[in-house]
């Protein structure tokens, strides 16, 4: 840029030059060599060199990583797994000392000595500008690799540990998403929506720029344009039983001051690389607070949620010779589902409702995983947050996806302030599924838990 | 605010009510009881309850802590030290398993099991709005308490560990401080300046709003109005030998485009509670880059630095019967320092210069701590960053503070891009103090390291 | 919202109530009555009442206007035209006094007395929140009405006068439009693009979010989300001869630092209601300055401009029995244009180029309006800004629009800093069209101005 | 900055070079010549040259003006007054045409022709970056010159006209001033406070950063750091009778939610150059709205206002042989005022209260200017805004300034929403001073308006 160039730029160049010099010794560099070089750089970064020129070194490492191909990256992950665990010698001494003294200091040293060197390495990677997002993307690559490489789990564990600390709730910022939001963010809302796909910019606009719609997302200051999680909310006069009217772009708008019910109809995590760090619980509660303040007339907070495991469970149940979840009449009625076009006929739909409702009640209230939790992952999320299962809506989502995963079923979970803690404790402590009387009533008298297919 | 009140507000109230109910059983609550209650709350926060209503619970805990008196706080710290260490039983099992298998998974479990429960507790504290600053302040209280209570060191260690992760360089934001900066920040610049006190708003303005002055600070997004560290820079035509002309509010201003030298004349850490997390190294380097870009004519980057340990070292040296740092003639000359008004007389000052210069050269180049590092803490900082000791300036600071701590001496450290890494390695690896030939020449031929007083 | 309600809200309600009371006397209010009521309100606003509750009154007037139908609005404009001109009595006195004394004070009073009362009325309308945009829209309605109602010209003149003062260059803000711009603004870029239509959000993104594209707009602080005018720029290595490669979304991108030429390929005015206030001149010059600073390698600034009047002029010229603009050979060659599909054939296109080029040279250099200016409005704009006509590009735009209005012709105008003032004066003073030698050479030796069809 | 330099910079340089060339003909340039050159430039700016390079030319003119000395500036103003009035020839023709036809078009032309050329000149000045503030400052210079030079009034009138249009209420932005406001703005609050001087930054902080204090200012987008007018507000439980407790930095703070009364205790215009453009009326009303929304418990909005003309009026009245405003007993009591230390004695103060109160009642309710308005300028402002005179507070301000200008007297004006319009009309139409019964009761039975000294 100018004769002086930038201090940082020069530093970076000198580091890169040295790197190139090293590499140029052999005329063609193999992927394995590239990964080895990168691992060497990581050692530099952890050593004294990192203290003098850490920013430049970290920048160089992430740049090189960014240009690598899949195989080279896996080789690099292997290097991380093998060479950057804890210092075993130091760890053995620490165990010795802990056994001998049991002192606080010895315990602290034991904790420090057992920390994989990767953790400090990742913290130093973060010196580079824009590194936080690069690290999230690096973990996505790692997750892909782990499908075949279980030995990389220790690296993944370190990412998880670090991200839990960095993406602590206290550092997240809630921002409303609307039509004055930069296009670079809105584009990602379109891309990351995972529940009810956003077709195009018009569909997006209907969801974020209508008087009776709201959208909120959590952001982290180091990831400016990248939402972490977002929720879409409809303002209504009562809890909805189906998704189609909510997504309909031609629907009439409700004046917000006339709304009594806020409906959370879609929650999407945006960053696969942040898997294991949970935001949804906090997001829902803060949004409840935010819109309560904006619209004092709101009294009811519910979701309209998918039931992703229902159809698979139901099919398995129907295959059993004797399922206590299903009565003989139910079984008979459910045969209609075998016709792929069942949802086209109003009569068929009407006939199916009682059997589907009863089966769903079993699915939620009786069926359990090996760990004694409900089978449905969405149910585990909301019940774990202290919500209760409010209503079962057969024919809630007759889109191909809704039919395929839940035979068209959707449910409402309800968040009642004064019950949240009690509900959460009942669920966490005793595995109890808190449900409305209406849902309980759907349960056939007979079926006992023992007879149900256990789900892993 | 309205009939609906806020969701969060209600949650908070219900938690506080329960707390009060508990407390009201006894008519007067002692400090010990208060601390005990708070510790109980911390257990709740770590347990399942924290998941349902963590934000409210964390807020309540920090509020209660905020209203406590010193004694109560110490009692609370004791609770943290005693009850929130690692789970010993789990730890013993983990050691067992590690010894048996040595597997990655066992190592990971060992690390997890040795983590004090405080760490997760502090992370959950951070759910509360504004908690990050509260935690920094809490650690300040802890540091005060630790003067007498060494048993609290384990709690302090956990703060330090957490803050190193949270205040990672990658999350800091560099901001220029000038006259358009909010008063709430400027006020803190006045308060936190630790090297050359800022007398009032006029003095501040001269330092941040003159064409040939710059001021930069690091901020963390969760601590909006609180600078973490800041540096004051003077744009000059050559490295300065004294501080008074720089601080003089009546001085003539230099047009920035005519400057060749950027002088870092004051660096202050702002948050005592972040002790142990180092920012200065990064700050200097990023500011060099920033002003290089703004003012391409700059070629030289130096500090004008205090020498806080010099006078004490010199006095000790003079008390020795035979000091190899001081020649007999030097000793004689230095007697002038015993007159408290020595700096008033130009002749006395002129006479002192050779002896002070020679002594300073020994102080920097020869005297060492037990660990083999230079005695002077400021020297350790800049040399560790890769700077070199450029020039010794006797009579650099004739203010009462300058006379008291350094017999008026100041020095320049110089940052030369291409030497930073080399210098750092020489210093870190071999304890070598990189100094200019001019400084080296000041060293009397004679004195040998062996004869010098070791400094702890 | 609360028991106290807002001061302003109450004021507004009380004014509206009074209005309703008045209106409710008759059971059904005709359009004429509505207009009359609005005119009465305007009198209130100009009177003392406006001083006490001007904001509320202005808000009420603009609200009522906003709900009116076309006929009612025209009736309201008639009221403005008839009842809010200058006070004739005062004006006659002022003329008398001016004739008698000719003093400065008398001249000032003459100016004040001749000011239509509409001007002050419009200034008071602007008390209402958001009024500036409402006034711009009101003028758009007026312009529509004026198609049939020439008697409303005086009202239009007052809008024009006021907007010239309010939208003074000094109050405009230049902002870069890119992918981080709010969607609410980007949407308007799509809508307002008047030269080369933007098909959808992908097309938009290609124009504002590619490394070798820039887009800048002028905004006024009172019209937050509404661009006034914007320009699209392509960074290239030489002036382009055709528009299609620039708009091609699949084209290869140029690294900005390798660009030597900035091409202004589209300039669109956004607000019809601001007709007569000129921004384009300032926009081009400020953007030249802006991108010069960003990309120092740029040396050449040109447009790629449409020639909207060329085809109509050419057809008229061809219909003349003897046109000095066209040689017989040219006339013969140009017959190919009568085949609507002429642009499909490469051979036909090649044959047409000489004749079209020669005709274009006449069109720009020889043909004049009655006022002695070039026939082409785009030419008048750029030549008036001090640019020169650089190159004629037959086959520059073979889109249906380009063929219809200019037989596919486009031109480059070039902005050379040191010539701007000279060029402008030659053009403004002597009507001289400054053109490159290459363009001049295209002119057939023969044709004389006298023979050309004058254009109104 | 770079080889290309900036387009605008070059343009500017070329214009300045030409100017210098002109000036360098004579070796020393007199002030008169400088002014003449500037006037020439102004002609250029109004001519065609202004269209091509207007921004550069305007910048050059304002720079030159900025470096001029007082005498040179006055010479320049003379040039503006003499050479930039309306075009008399065109004006005479326009009058002729108007007399003949009386048409709308002729009227419009008459208005256009009578516009001084200065108006367009000033609008073109505003092309330069930062010009709006320069023009405000230029008018301040003009106002100073006008003390002796009444012939410059026409120039002043044009500034006034233009500023009324540019600083229209619709373009102003209300911003709260608090401790997070940039120091550059706060510094101006200190400097511009005109009623109760702000002693230093601590005093400022007490006024803008206490829970029961508010400060609001109007800003114009083109004058970023310059407040136009600001008001200081105290939140209290009842209308105050004296200023000292409000300004006391040691006072106890009131929790805002407990406040019932908002007290406007200081309103200061900041820009002398904007004299004649009125903001105060709008400011008060918008602030009432703003704090009503923030603090719903507020029910009463009053001022605590100085009475700047009272002492002078009282002294004049006392000098009259027979004043109907003062009874014989009052006259006797008021003699105490002749002792410069009268306010030191509690007894004296108590004795003075009845006479001062009665005199004040006459001052406000009976005394009139030649135009039939109240003598007091502050009274004219608030009564004109629709407030009523609520209470007279003798001993309201015992500072030297308060004693000097009002014998310690202060008053409260009260803003009651539902009465604002009625009050304003009574005052504007009939000159009626709306006052509370308590104030009316203070009026002695006797005194008649005739007997009062008229005030110009």
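Just so it is clear, A, B, C and D label the chains in written order, and each chain counts residues from 1 on its own.
By definition in this document, contacts are C-beta pairs under 8 Å (C-beta built on N, C-alpha and C of every residue); 3 or more make two chains touch, one makes a residue touch a chain.
As the structure is a prediction and not an experimental result, all values here were calculated from the model.
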Mutual neighbours - chains that touch chain B and chain D alike: none
Chain separated most widely from chain D, comparing mean CA positions: A
Chain A-chain B separation of Cα centroids, rounded to whole Å: 38
Intercentroid distance (Cα basis), chain C paired with chain A, Å: 50
Centre-to-centre distance between chain D and chain A (centres being mean Cα positions), rounded to whole Å: 59
Per-residue multi-chain contacts in chain A, two or more chains: 2
Touching pairs - complete list by chain label: A-B, A-C, B-D, C-D
Chain C - residues contacting chain A, complex: 179-184, 186-187, 201, 205, 225
For the chain A and chain B complex, residues of the former touching the latter: 1-11, 14, 48-49, 51-55, 81, 85-86, 91, 95, 98-99, 104-105, 107-108, 110-111, 114-116, 123, 126-128, 131-132, 151, 153-154, 157, 162, 164-166, 168-171, 173, 221-222, 281-282, 285-286, 288-289, 292-293, 296-299, 384-386, 417-418, 420-421, 423-425, 428-429
